[in-house]
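Just below is one structure, and these are the notes that go with it.
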Amino acid sequence: MIITYSTLFAFTCFALALLMNLWKIIFAAEIADRILALDSMFINGLALMVLYGLALGSEIYFEASLIIAMLGFVSTVAYARFILRGNIIE
Amino acid sequence: MSLFLIAALPFLGAVFPALLIRAGRNASASAAGLTTFLAFVGLLLHAPAVFRGEVIQVGVDWLPGLGLNANFFLDGLGFLFAAMILGIGLLVILYARFYLSREDPMGQFYTYLLLFQGAMVGIVLSDNILLLLVFWELTSLSSFLLIGYWKHLPEGRQGARMALAVTGSGGLAMIGGMMILGNIAGSYDLSVILQHKDMIQASPLYLPALILILLGCFTKSAQFPFHFWLPHAMAAPTPVSAYLHSATMVKAGLFLMARLWPVLAGTPEWFYIVATTGLITMFLGAVIALFKDDLKALLAFSTVSHLGLITMLLGFGTKIAAVTAVFHIINHATFKAALFMSAGIVDHEAHTRDIKRLGGLRHLMPVTATIAIVAALSMAGIPPFNGFLSKEMMLEETVHTLWGGSHYVVPGLALLAALFSAAYSFRFIGHVFLGRTRDDYPAQPHDPGFGMWAGPGLLMMLVVLIGLFSANLAGPLVAVAAGAVIGGADLPYYSLKLWHGLTPALYMSAGAVVGGLVLLKLHAPLMAAWNRAPRPEAKQIFDALMRGLTKLSQLITDGLHNGAITRYAFVMMLFIIGLSYYAYASGTLSLPSRTVQSVGPITVIAWFCLMVATLAVVAKHRQRQLSLVLIGVVGLVVSLGFNYLSAPDLALTQLSVEVVTMVLLLLALNFMPKDSPVESPLWVRLRDGGIAMIAGLGAATLIYMLMLRDFAMPSISEFHLANSYKGGGGTNVVNVILVDFRGYDTFGEIIVLGIAALVIYALTEAVLGTRVRAYLLNRKPDIPQAGDAHPMMMVVATRVMMPLALMVAAYIFFRGHNLPGGGFIAGLIAAIALLMQYMASGFSWASERQRMFYHGTIGSGVLIAAATGLGSWFSGLPFLTSAFGYLHWAPLEEFEWATAALFDLGVFLAVVGAVLLALESLARFAWQPGISSEHAMDINPARDHAAEEAAAEAAAAAAKGEA
Amino acid sequence: MNHFLIAPVVLPALVAPFIIMVVRHHMDLARIFSLASTVFLVAISLVLAAQASTGEVQVYELGNWSAPFGIVLVLDRLSAMMVLLTSVLALVINLYVIGSDWDKRGANFHALFQFQLMGIIGAFLTGDAFNLFVFFEVLLIASYGLMIHSGGTRRFQAGVQYVVYNLLGSTLFLFALGTLYSVTGTLNMADLALRVAEIPAEDTALLRVGAVMLLLVFAIKAAVIPLHFWLPASYANAPLPIAALFAIMTKVGAYAILRVYTLVFGPDLAITQGLAGAWLMPAALVTLMIGAVGILGSYRIGRLVAFGAITSMGTLLTAIALFSPEGVAAALYYTVHSTLAAAFLFLVADLVAERQGIEITGQRLMPQSGLIAVLFFTGAIAMAGMPPLSGFLGKLLVLDAARDHDLVWWIWGTILIGSLITILGMARAGSLLFWKSHGVTAQTDPASAPSYEEEANEQDEDITNPRPAALPFVACFALLSGLILLTVFAGPASRYAEATAAQLFAPEIYIKAVLGKVTP
Amino acid sequence: MMGGAEMVYDYLVAGFLIMAGIFGFVGSFGLLKLNDPMSRLHAPTKATTLGVGGVLLASMLHGAVVEGNLSLHELMITLFLFLTAPVTALFIAKVHIHRHETKASLPKAGADGIWATHDVPETKNESETDPAQG
Amino acid sequence: MTMGFLNIEFLVASAVGLLTAAGIYLILRRRTFPVILGLSLLTYGVNIFLFATGRLMVNAPPILNKYAEVPYTDPLPQALVLTAIVISFGMTAVVVMIALAAYLSARDDKIDMPHHPEDEGEDA
Amino acid sequence: MRLLRRLLPHPILTLLLTLAWVLLTSTWTLNSLVFGFLLGLLIPFLTQPYWPNQMRLKKPLKIIEYILIVLYDIVVANVVVARIVVFKSNAKRQPAWVAVPLDLLTPEAISVLAGTITMTPGTVAADVSAEGHALLVHCLDAPDPNAVRDEIKHRYERRLKEIFE
């Protein structure tokens, strides 16, 4: 029971975090903030995924989380490198 | 000789002149002459039978399903025409040998001529109207080549195109008419059709068929109002004119009217259309001919007039008129061919054919003058020449013909036509050959060699002989031919002779001759009046029409296909939406059979993120990098959604594909503008938005309604769920479907990837082979670059992250058959792992360290997948049949093996190769001198330190050495 | 199990990777392998055609999974005919490309060419709707590569449009397949046919949407107005020998319409009434007319032939839209003709373009113009459907098949008037190309020539000095011989077409062969 | 009936979850609230990471106790995050420095004189060979 | 806890609709880049559409469970979507490269081709 | 020995990868261990060109101590940051740049230090100097930047110097 409620709490927190990230992505004045917000969004999404697996008692969703962690990093670096160098694989 | 051979000989012969021209002009001409001669002899061999009234028939099936058979038959009419075509053809070949100059490609000429001749022979021998159509259109095409033979003359190609346009369109109309005719009669065989007069004339489709067929005949035979093309065809060399206008091309229409006379003629429709057209043409042609200064133009319009005459006769629909028509066909062929050839000789010798610049030639070229004068007198209807005979018979017929209740219309106009006809004939004689000898010819004319005048000379003999001994000489031929025209019925009474007594026709003839002389006398003032009179110039009208048509076509074509894919796509959407909506609205929809499933707030928040991000992409699409970030959000949420909705494989795939795509787009964006300008006006944006919303609404409604209903029958995927483990050896049903149940799809899919990489590679080669390369080399970055291209921390992190990522790839690969994953995702992750390395230390640095042969990787992936599929052949099983089993090696536990894993390896390799090849291509675009760094990271104090120490040591050593 | 069915797909799928792995840098070897593969394809296709001509429908169960659960290949007269046509055409074009060195003007030509064949043949043989999608994509992506082969600005620009337009088509394909699967629960075409027949009458709307979307997908491939816009620029800007190969690609669309709308949504099926015939016929007629008008209005040779291809698709679809055995038989005969004719004319157009550029108003003197003029003239005759070549017979067959149709006058009128405009357009182009080029006076100042011409010339640098190779002419004459054979043996050819049409209108044979049953 | 040990586990899991939620929220909240770009970088890189760490711990513990199998999957994700978060932060900081900081607005870079992001070489090395030709 | 009228089917359908609409709108823009973005969005839309044709289920992944009788979602559309994703990935890569090539060659990324009207020539 | 170094270029990485495999598969079986080890040998062998130099640790066991310290710092200091973020107004907060001169030389060590700085709350490693002899650190709220610099050098860099150099 307590786990259910705490899971729901965590769900809500991360979902709200997602919304805040989205807000920042769209309305930030700075590209750095947008990249940052997208990175956070990846991580918050990952958290939601893990929470979902926890709530369902399933391990099926683990790979997705793993991939999100990896790909969030790659895309953040790619976006940042684009700003820094233009060519991201020079 | 078989009719097949007769019809085929000219076509076979057409090959030789073009080939033999290298052996000389004589060889070429002889080849042409010989084949024609052979065909002519072959034809004559049938003469006895034909004159006995027999009909020779041969045939084979060609396209029996359609009723198109290669059936030929030879009756009197066919014989007459074939004889004219081949006989005059021979003379033309002879004549042309001497007429054409050295510069003219003679081989081509004879080839075209024989093609044309073959087509004509085909028309007159066909016993199947579809076959006849084949030859009919062939005459249009081959005459196009003949008329345009002198390629350097603009008049040549214009005349050729005009002839093709007019006769071609008539021919197409005729196709329609013939199809109708065949459908009424139930057969396309002429011999059958000719039996069904009543059925055809009673059919409601008789009139359309008649009009369409007549359109073909009239255009071909230059009947009013289609007569205008014929004079322009005079741009052709004179032998061509002689041939086309005496015996062949223009006679084809007459032939067909005669051929179908038994079933089409005799109705009021026939009479009023055909006779009236003929009458008008006859009159008009004669009048215009009088005012032509060009010899060939004069003859051309006289041809028009005489064709009108024959058409009118056929149009009368009476048997005796038909006989007269046949007789005049023969006569006209003889004198007109002789006249054209004479005119050609004049042109050839005097270098002009302008009547105003000619005169008195009888002294300079007596032989030619004799021939031309005799033929012209025949044309004028002067006894005792053959033209007189048929013309008088014609006048006689007009007297008996009522038109719209009037006795006078037909004879009156016919008389006027005869009068003008006499006048232009006299002018031809008088203004060219008679009169004072001139000394201002462009060249000094004299009679040509025998070869050139032999043909017209022979024809002149015929003109005279037929005139004198018509009953004996032409009688039998007229009889069999006319017998064929009137369809086997008994011939009416007629006699072919010069003197019929004092008939109205004689008075009319006399009147015409006198009137003709008067007109000639008055020619100068009449000509002046004619030139003053406004009249439509057919050529200009036609030209304007054609130019207009071409312009209109260009306008339509360019207007529709203006290169704007935005518009193409819009039209496409509109059409798809419209038809889909129609399909939906015209069907029936049952009530939902499933209930909706409720959702929690978290899901709604995720959905909200997706929707907002999507809208933001649209709103911010001009800021390209931002829109890429936003698409990243969309991809992330979609992946989360797939996971939420029980599709972990999809989530993995979607996410990895999205990241790789994003990287490719960023790499491409590096070279492209970073913003899109505002280009479409507001209304366009509203319009596009409107159609987009309708399409979106449609897609949403469709899937919503689909989701609320069950499958009409159980889905085949129940089988997949039930057999995935038993038959495929895997618990991840999606993967088993991909590598086993539907492995063939996956095989196609990796080939798509492989091809994509090949295309990208080829494209890169193509682009970098052009001046784009120089541009790229000199290109300055359009956003300022920061220092430290390869940060130390990134490099160090990658040294651990990349092996870990590869480990993850291996993990995803090996477990895919039973749990989410598989070769494709593993391939993408491996590629992303390498991408990490490229981002850390640069593509050049990394690829110099480890050469990857991307082509080889892709190729081996496809080959492995294919080989795995082929492996099952050895067990006698179909392509891509999988096998699996379990291995036990002590002390390890049981391993599962599956050929599907090998197949998946192919997938893996293809994916890795494809992604990396794309990355490599983009790296090549970006390559600039100095881009490749020597070190993995730009900043490395340890390296500097070591270098300093080494330098210090070296300095110390050097110092020691010095010491 | 008759492995011949899969052979024409697997062979190029093996040869292509082999070429890119092993002989990528050896053009001669690549040519040999590519050519050998194509020759083998012809041989295999002949075997398949012989097998299919017995009237038996053969099925190949991939992965040893029976239909409808796995993917099956199906060989019937229609697929055999299309495969044979494809491989013969491919062989000829391969010869041409080798002879004219087109394959050296860009990378990876032969591999892409083999994959292209694999895609086309795979599409003809498959019995599965989703697999058809996959092979459509294979053939499309290969065609993207071939279309932009050797590069050039306009080619790239046209390439972008071609890809984007086709991606829209592919998306629509997925929408259609999803809808059909969602309603019926199957993807196998024979199984679809069975299930569609069982759909209750009160629930047809969604199925109808799926059916019409599928038809539209094929209509895009078949270049039906107003979905044809991708064609002119793509074909005109592709290397012309490639455009010649593309002559078969529009036929893939026509084939798919025939297949699906005789097997699954047959003309007698009540629930899909009004979806195909009602609009397809008028659209086909307009297509025909637009193509003809385009021929008359074209000022570049590639574009001229491209519109010729559209016209012939219009004619072909007119015949298909009759949805009668006679119409289909006519359509099949015409398919063979128009494929050969369009390919032939594209090859001749390339001969011309190589010698005097792509502009129809060109003033340059053309070497070997006599022979090429003859070829062009013959090609124009074939394309316009004039006698004596098979196009005329094909057209007569179509006209004859249409005689009982409600729109018979429209059909006849359009076909005949369309032919006339085509003839006029071809005559105009031919006389400007070949007759005017002998003219002594240049009428336009070359300095004022528009820049895109330079662009076009830049792509083909040695247009004034083509190698006097015989192979391109051999290829042209091979196609011409094909046309002549099709004319001479029109009887047997049309009998095969009739038998094929009869087989299509008796789908129970196909269904029985695939599923082993004819009722669910 | 719930045993005492399980109860402890439950509370532990719940504690982790609540901590995770708070940190996750704070991380993204900071992104909104903090007013200078470099400060904004702090919140998500750390708080979010820790938030996820909490979730992962909770998941691991939950798996071990409730499901009865010790799954260490989550450690792998944690490892990834800890490896990547500093690099992510570095890059975003570099973006900020590149676009908004100058040599003067930053503290002196010790003996090296300049921070790497500002250290743009004036000329490029021309001696490299062209891989496109190879 | 449920959200009133909202249900999974509605959320998915509206997502399909919006992605499709946004994709089409961007495809109708005049530069290659937004068109490619539009194609990406449209691809998302159609993939979700295709996926949803198997009907939606939560917590029923098509991974066979040897130990318990659990419901499975329809695996077939998932396999189809996977194939479609891969194919559209290849297509996107190609179109990006061609668009880049076109841009670099023409130095212009307009997607509509410049139109050259007919030169005045001899028509008759 | 040389052969061994080529086959096993980074033993620690091999161990890490083997561990990763076991973590991934989450099955403690011999199969998993053997397979993971094989991959752990294979992958570093393949990626060796990208990590050319050998990394040597002077005092490997000190790592554990270091990790524990850092973990502790992370947890404790996160709470501090959370408080600052949520409760401290922007006006009162005193963000600052700090330049940290480095004694460390090897990239690995510097990277670990920078990572530590970033992961421990309140500081982010933002850049290195042009030659790598200083780190640029940003502090979220540092009334005394010098104290931050000293703590970094004392608490982390010193330990890393021991471990790595």
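Which chain is which? They are A, B, C, D, E and F, in the order written, and residues in each are numbered from 1.
Heads up, the rule we're going with is that contacts are C-beta pairs under 8 Å (C-beta built on N, C-alpha and C of every residue); 3 or more make two chains touch, one makes a residue touch a chain.
Composition by chain, UniProt nomenclature: A = K+/H+ antiporter subunit F; B = Monovalent cation/H+ antiporter subunit A; C = Monovalent cation/H+ antiporter subunit D; D = Na+/H+ antiporter subunit G; E = Na+/H+ antiporter subunit C; F = Na+/H+ antiporter subunit E.
For clarity, every value in this text was computed on a predicted model and none was experimentally measured.
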Looking at the contacts, which chains touch chain A (K+/H+ antiporter subunit F) and chain F (Na+/H+ antiporter subunit E) alike?
-> B, D
Which chain's mean C-alpha position is the greatest distance from chain C's?
-> F
Using only protein Cα atoms, the chain sitting most centrally is C
Where centres are the averaged C-alpha coordinates, which chain has the largest centre distance to chain A (K+/H+ antiporter subunit F)?
-> B
Could you tell me the distance, in whole angstrom, between the mean C-alpha positions of chain C and chain E (Na+/H+ antiporter subunit C)?
-> 27
Please work out the Cα centroid separation of chain B and chain F (Na+/H+ antiporter subunit E), and write it as a whole number of Å.
-> 72
Between chain D (Na+/H+ antiporter subunit G) and chain E (Na+/H+ antiporter subunit C), the Cα-mean centres are separated in Å by 32
Chain D (Na+/H+ antiporter subunit G) to chain F (Na+/H+ antiporter subunit E): how many Å between their CA centres?
-> 12
Residues within chain D (Na+/H+ antiporter subunit G) bordering two or more other chains | 22, 29, 41, 49, 71, 73, 76, 79-80, 83-84, 86-87, 90-91, 94, 96-98, 116-117, 119
Of all the residues in chain C, which ones touch at least 2 other chains?
-> 130, 134, 137, 141, 144-145, 148, 151-152, 156, 161, 164, 168, 175, 178-179, 181-182, 187, 233, 297, 299, 428, 436
Where in chain B do residues touch two or more other chains at once?
-> 161, 546, 550, 554, 558, 563, 565, 569, 601, 628, 644, 648, 669, 699, 702-703, 706-707, 715-717, 720, 741-742, 745, 749, 752, 755-756, 759, 763, 766-767, 770, 785-788, 791, 793-794, 797, 800-801, 804, 808, 819-820, 844, 922, 931, 939
Chain F (Na+/H+ antiporter subunit E) partner, complex, touching residues on chain B are 787-788, 791-793, 795-800, 802-804, 806-808, 810-811, 815, 837, 841, 846, 849-850, 891-893, 895, 936-937, 939-942, 944-945
Would you tell me which residues of chain B are touching chain C in their complex?
-> 61-68, 105, 108, 130, 133-138, 141, 144-145, 148, 151-152, 156-157, 160-161, 164-165, 168-169, 172-173, 175-176, 179, 183, 546, 549-550, 552-558, 560-561, 563, 565, 568-569, 571-572, 575-576, 579-580, 582-590, 699, 702-703, 705-707, 709, 711-717, 719-720, 723, 727, 740-745, 747-749, 751-752, 754-756, 758-759, 761-763, 765-767, 769-770, 855-856, 858-863, 866, 869-870, 872-873, 876-882
Touching residues on chain D (Na+/H+ antiporter subunit G), where the partner in the complex is chain A (K+/H+ antiporter subunit F) | 10-11, 13-15, 17-18, 20-22, 24-25, 27-29, 31-32, 37, 40-41, 44, 48-49, 51-52, 55-56, 58-59, 62-63, 66-67, 71, 73-74, 76-77, 80-81, 84, 87-88, 91-92, 94-96, 98-99, 117
So in the complex, which bits of chain B are touching chain A (K+/H+ antiporter subunit F)?
-> 601-602, 605-606, 608-609, 612-613, 616, 620, 625-626, 628-630, 632-633, 636-637, 639-640, 643-644, 648, 651-652, 655-656, 659, 662-663, 666-667, 669-670, 781-783, 785-786, 789, 794, 801, 805, 808, 812, 819-821, 825, 829, 832, 835-836, 838-839, 842-844, 919, 922-923, 926, 931
Per the touch rule, the chain F (Na+/H+ antiporter subunit E) residues reaching chain D (Na+/H+ antiporter subunit G) in their complex are 20, 22-24, 26, 74-75, 78, 81-82, 85-86, 90, 93, 95, 97-99, 101, 111, 114-115, 117-119, 121-122, 124-134, 136, 138, 140
